[in-house]
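Structure incoming, see below.
In order of appearance the chains are A, B, C and D, and numbering begins at 1 in each one.
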Amino acid sequence: MKRRTFFKATTLLAASLVAGAAMAADPIIVGAVAPKTGPLAGGAAVTHWPNIALWVKEVNERGGLTVGGEQRMLEVIEYDDQTNPAETIKAVQRLATQDDADIILAPYSTGLNLAAAPIFDRLGFPQITSSAATDQIGELSAQFNDMFFLLGRSSDLAEDAVEVLAELREAGEIGNRVAMVNVADAFGIELAAVGKPALEAAGFELVYETSYPLGTPDLSPIMKAAKAAEPDAFVAWSYPPDTFGLTEQAMIEELNVKAFYTAVATAFPAYGGRFGAAAEGVMGIGGVNTASPAFQDYAARLEAATGSKPDYWASGMMYASLQILEEAIETTGTLDMAEVTQFIKDNSFETVMGTIDFDDENNNTAYWTVGQWQGGEFKGIKETGREGAVAPILKTGWE
Amino acid sequence: MTAVVKLSGATKQFGGLVAVDNVSFEVQEHQVLGLIGPNGSGKSTTLNLISGALPVTDGDIALRGREITGLPAREIARKGVARTFQLVRLLPSMNVVENVMAGAVFGHRRRWGASAERHAKHVLETVGIADKARSHVSQLTYIDTKRVELARALAGEPEVLLLDEWLAGLNPTELTEGIDLIHRLRDEGRTIILVEHVMDAIRSLCDACVVMSSGKKIAEGSTEAVLSDPEVIRAYLGDDDA
Amino acid sequence: MDILITGLILGGTYALIAMGLNLQYGVSRIMNLANGEMLVIGGFTAFALYTAGQVSPLLTIFIVAPVAYVLNWLVYRIMLRPLVKRAKSRGMLEQDAILTTFGLSFVMVGLMLWAFGGDYFSYSYLARPVVIFGDNFGLNRVVAFGCAALLCAGLYLWLNVSRAGMAIRAVAVSPENARLVGIDVPKLSARAFALGGAVTAVGGAVISTFLTLDASTGVMFTMKALIIVIMGGVGDVRGTILAALVLGLGETLVATFIDPGLTLAAAYALFIAILLFRPQGFFGRKPT
Amino acid sequence: MKRGDLSNLAWGAALLVLAALLPLTGDGYLISLGVTIAMYTVLATSWALFSGPTHYISLATAAFFGVGTYVTGAGIDHLPYWTLLPIAAVVGGVLAALVGLATLRLSGVYFVIFTLGLAEMTRQVVTWYQNKTGHKGTYVLTDLTDNDIYWQLVALAGLVFLIGWAVGRSRLGFALRIIGDDEDVARHVGINTALSKVALFIVSGAVAAVVGAIIAPRYVYIEPSTAFTPMLSFQVVIMALLGGTGRLWGPLVGVIPFTLLWEAISSSFPNQTTLLLGLSFLAIVYLLPGGFVGLWDRVKHRSARRRALA
């Protein structure tokens, strides 16, 4: 393979500048597959790719991973799956059989991770997903033994959002009227299917409820109708383009609810960048402990290394997945993936997101579910066992 | 005896323009009827009404006493009306015999497989180009393309054959050949309606003529009588020359 | 009333998306599948200049337009002209154009990724309410509607009054006959294609003030534009404007009165219904 | 049946058996390439059955494919897998029939855009319905491996070639060639043009739906954006045209080099995949008008002429 030699040459050249001693050992080949084009490329560009770049850079600057007493450099082979599950499958196969990858990183998004799960399973590679949110963790980990879940259950994500609202209501901060909308696409539907009964069970009155298709160019009719229903809280199970769109429409319609929630991409730095002070008080899916030195340090390193800021949800988890893999390999001292997988199952790990410990279903049970923009940062306000949650604040207008 | 084709008050309007205005005539078995008139008088449109290329706005058309008004072209073709087009339309991706088979396979009398091919070749003999059966249509001379189209129309063994200016554009030698060919068809006893401008052809081929002008039928009768009708001459040549 | 205005404003957005393609397809006979990418490039330029130097997108269009014009002119001369020459029939040209511009759209997405990465580009510009007849509307959308109205009116007048515009319309109606009356068809086709590209890029710059774009979103706009152009009738500015407004109003009505979840389905249903009853579109000539 | 037909059939069957042996290599990578090739062969060949002779460019493949994946997605928990394939075929066929009857009078580019809109509309309706019913994600968890999927696709390819071969020898096939040449003539020689076109459109719709149903277990998680991706429709058209639609084997010779080229580019230039795919695509259009079939015909024509001259 010509390309391999080319890659090898460049990485080795780079490596030799940093740590000449590493020249002796063969590099460890790390395979990475995720969208660089297609509908999810925008999300992967924020959450997925920069972490890989950072991790590889840092490990190689240290002189590589220690395997069997020998320091070995990382060599990454990246493939673009074009947000197409067939391409993901093909690329993982290619990494395993053509490129002889020693490690293959989990792909990006729920759908692409699940499409790749059977191959990871067959190859016996651990698949530590950091961007797959599903309610089928039990069934999936039963069928695919090597699949790990960092991001949690989608039902928790929705239920906790409702819980935040319920707590605000119990505290007498907001009323009982909720407007709920969702994007009619896989994850949005899933969240709404959980969120709606949860809202009803919590005794909220759904004064407005609708869905809209992915890619709706004008969300103003929805926001107008939502406003006309005079809600006390607004909840949108939304996706990246419409998370931005709904927020902007809420500003334009002057929807002055005290609790405003949009789902995916609220935690993106681009959200804070675009809305600035107006974002203050907006709640969304995810969150992190922004006060934790580990996270602050990670965020600074990521920005220094790649020029891009982490999002306040899955970015840190993505990096944590790499830390877990790193620790498992270095501690076991092997690239035998069965051993590495078993180590991941048996141990707990210190990461930028805190301690991570997988349960019997390979699920990380402690994760952030709801965050809120407070003082220019998206802080975690609700979790399933993380430390550092701050108290939610009320949204006070859009200025 | 019922007429093979009978038009009763056939009318065709395009928006405000009445292209065919209340035209009625009949064609009998074994008759060759000429449909003549100056340019734009509605002859070709009348032919299109019979073949079903255009739906009538009003009036009735019958084939052997059975109504065919409003039927789609394919039904009319299957009931036994075959036609050629004013500008020759062959099937460019096919060779000569395949072109003719199109008529044999889907026309009035349907054949398939070897039988269709045999029949197509037989028809090609009738029109005099059996030797070019395997040629590609792009290699044909003008009159041969016309022959192929005629053969395609004949291949379905239609009840009536509509020829839309089939002789137009031929040079003098070809014209003689063409007239001879249609003569043979006539002698075989076929029923034909032909729209034509070539006077020699009309005289020698048609048993009867219908003359149209500005969408209306202005004369009808035996060829000889019609062609000497002063009104017909005026319609053709304009008032000055009459 | 507010539904009417919302619908009209959305229609204006659609007009911006589709107007350029109408020129390209109607006059130059190129069904440009890379149209959406040109729009995204326009949007990206506006984003880059706004975030880097606070340049108003409304000024950016004066940079975007000439650059896009030249780029599209080159694309036509270098890539598409040979296809026009070699095409034996309209159908063949259509097929070749689909293939070529599809490839071109890949190239353009690839270039954008290479140059700017795959991140969303999203910024806030004029995102404040403006009150019309007692209802709130986004100022950026209202401004976009104004741009669309100016652009459409300008194009319409130019095509109907100026000599060059008339010649372009003649080419749209019949390239063969236009040639006979002494119109330089290849030259005008190139110009119309370039103009269409410029209009699309300007539309992209304006639209980026309220829609979130990334390098891969172009295809969504291409599809919308195709639908609007076909619905309106190929090669007629009025048709495209009408179709854009009908679509905008239709979607808003469905979103308000039936179910926002069905807006896009309704848009396609509307498109399909119109094609079934008027296969040539609102103002189109019978397809030959 | 002529002797030539028999030998063609024998060759076809032999190639099919050979193709079916691929999983025996045990190379997962080859098999995943094989799945891609088999899938696009089926889709492009069935597409060309309709679009080749009629010159109607349909971008509805994704609509049928998506419907097929959702048949599996919705039915896998309730019905045995094997019954889902015929159901997908019926659903795809019915959808194609409805669409065909309504739209085949549209010509040229109008039909193209219509079919593009159809795929989007189907997607919208499916997601809307799922949303209404409060669906919690569509999972297809089965024991089917890539090998199983590959064999199913190869078998389906065999079926499609057989259908294509039979249609090519039938009145229907002849009728479609006539329609493709000149629809007016077709009508006037007595062909039911609408029915003929719809019949073939149903075949291609049903086949695409079955492909979707077969692929669904491979995706595990069914999302509208991947099931109805417009890219699929475009790729099918492009591969078929690259091969050439004039012959039954045309799409196949387009699919194989295209998939390999795609693979070579995505594996060698992961960061410029899109750019290079676009460029190679343009090169194909300019250098290979008429596809490989066109090239083959030109070469044959030239050698025939040379022989005639000699």
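The rule is simple: a contact is a pair of C-beta atoms (placed from the backbone, for glycine too) under 8 Å apart; a residue touches a chain by one contact, two chains touch by 3 or more.
Just so you know, these numbers come straight off a predicted model, no measurement behind them.
Chemist: Just tell me the minimum hop count from chain B to chain C, counting one hop per pair of touching chains.
Modeler: Tracing touching chains, the least step count from chain B to chain C comes to 2.
Chemist: Would you mind checking which chain's mean C-alpha position lies nearest the centre of all protein C-alpha atoms?
Modeler: Most central by this criterion: D.
Chemist: With chain centres set to the mean of the C-alpha atoms, which chain is at the far end from chain B?
Modeler: Between chain B and the rest, the longest centre separation is with A.
Chemist: Please report how many Å separate the Cα centroid of chain A from that of chain C, as a whole number.
Modeler: Roughly 35 Å, centre to centre.
Chemist: Just how far, in Å, is the C-alpha centre of chain D from the one of chain C?
Modeler: Whole-Å distance between the two chain centres: 31.
Chemist: Let me have the rounded angstrom distance from the C-alpha centre of chain B over to the C-alpha centre of chain D, please.
Modeler: Comparing mean C-alpha positions, chain D is 43 Å from chain B.
Chemist: Which chain B residues sit where two or more other chains touch them?
Modeler: Residues of chain B never touch two or more of the other chains.
Chemist: Quick check on chain C: which residues sit in contact with 2+ other chains?
Modeler: If we look for residues of chain C contacting two or more partner chains, we find 109, 113, 259, 261-262, 264-265.
Chemist: Quick check on chain A: which residues sit in contact with 2+ other chains?
Modeler: 36-39, 83, 184, 211, 213
Chemist: Following the definition at the start, I'd like every touching pair of chains, please.
Modeler: The list of touching pairs comes to A-C, A-D, B-D, C-D.
Chemist: Across the complex, what residues on chain C touch chain A?
Modeler: By the definition above, chain C touches chain A via 2-3, 6, 9-10, 13-14, 109, 113, 117-120, 122-124, 127-129, 135-139, 141, 210-212, 214-217, 220, 224, 248, 251-252, 255-256, 259-265.
Chemist: Any idea which chain D residues touch chain C in the complex?
Modeler: 55, 57, 102-103, 105-110, 112-114, 116-118, 120-121, 124-125, 127-128, 131-132, 230, 234, 237-238, 241, 271-279, 281-282, 284-286, 289
Chemist: Can you tell me which positions in chain D touch chain A when the two form their complex?
Modeler: 27-29, 31-33, 35-36, 39, 124, 127-128, 130-131, 134-139, 141, 145-146, 215, 218-221, 223-226, 229, 231, 263, 266-268, 270-271, 273-274
Chemist: Tell me, which parts of chain A touch chain C in their complex?
Modeler: Per the touch definition, chain A meets chain C at residues 35-39, 41-42, 44-46, 83, 181, 184, 210-213, 215-218, 220-222, 224-225, 240-241, 244-245, 248-249, 251-254, 265, 268, 270, 273-276, 308.
Chemist: Would you tell me which residues of chain A are touching chain D in their complex?
Modeler: 2-3, 36-39, 77-80, 82-87, 89-91, 93-94, 96-98, 110-111, 114-115, 117-119, 122, 134-136, 139-140, 143, 154, 182, 184-186, 189-190, 192-194, 196, 211, 213-214
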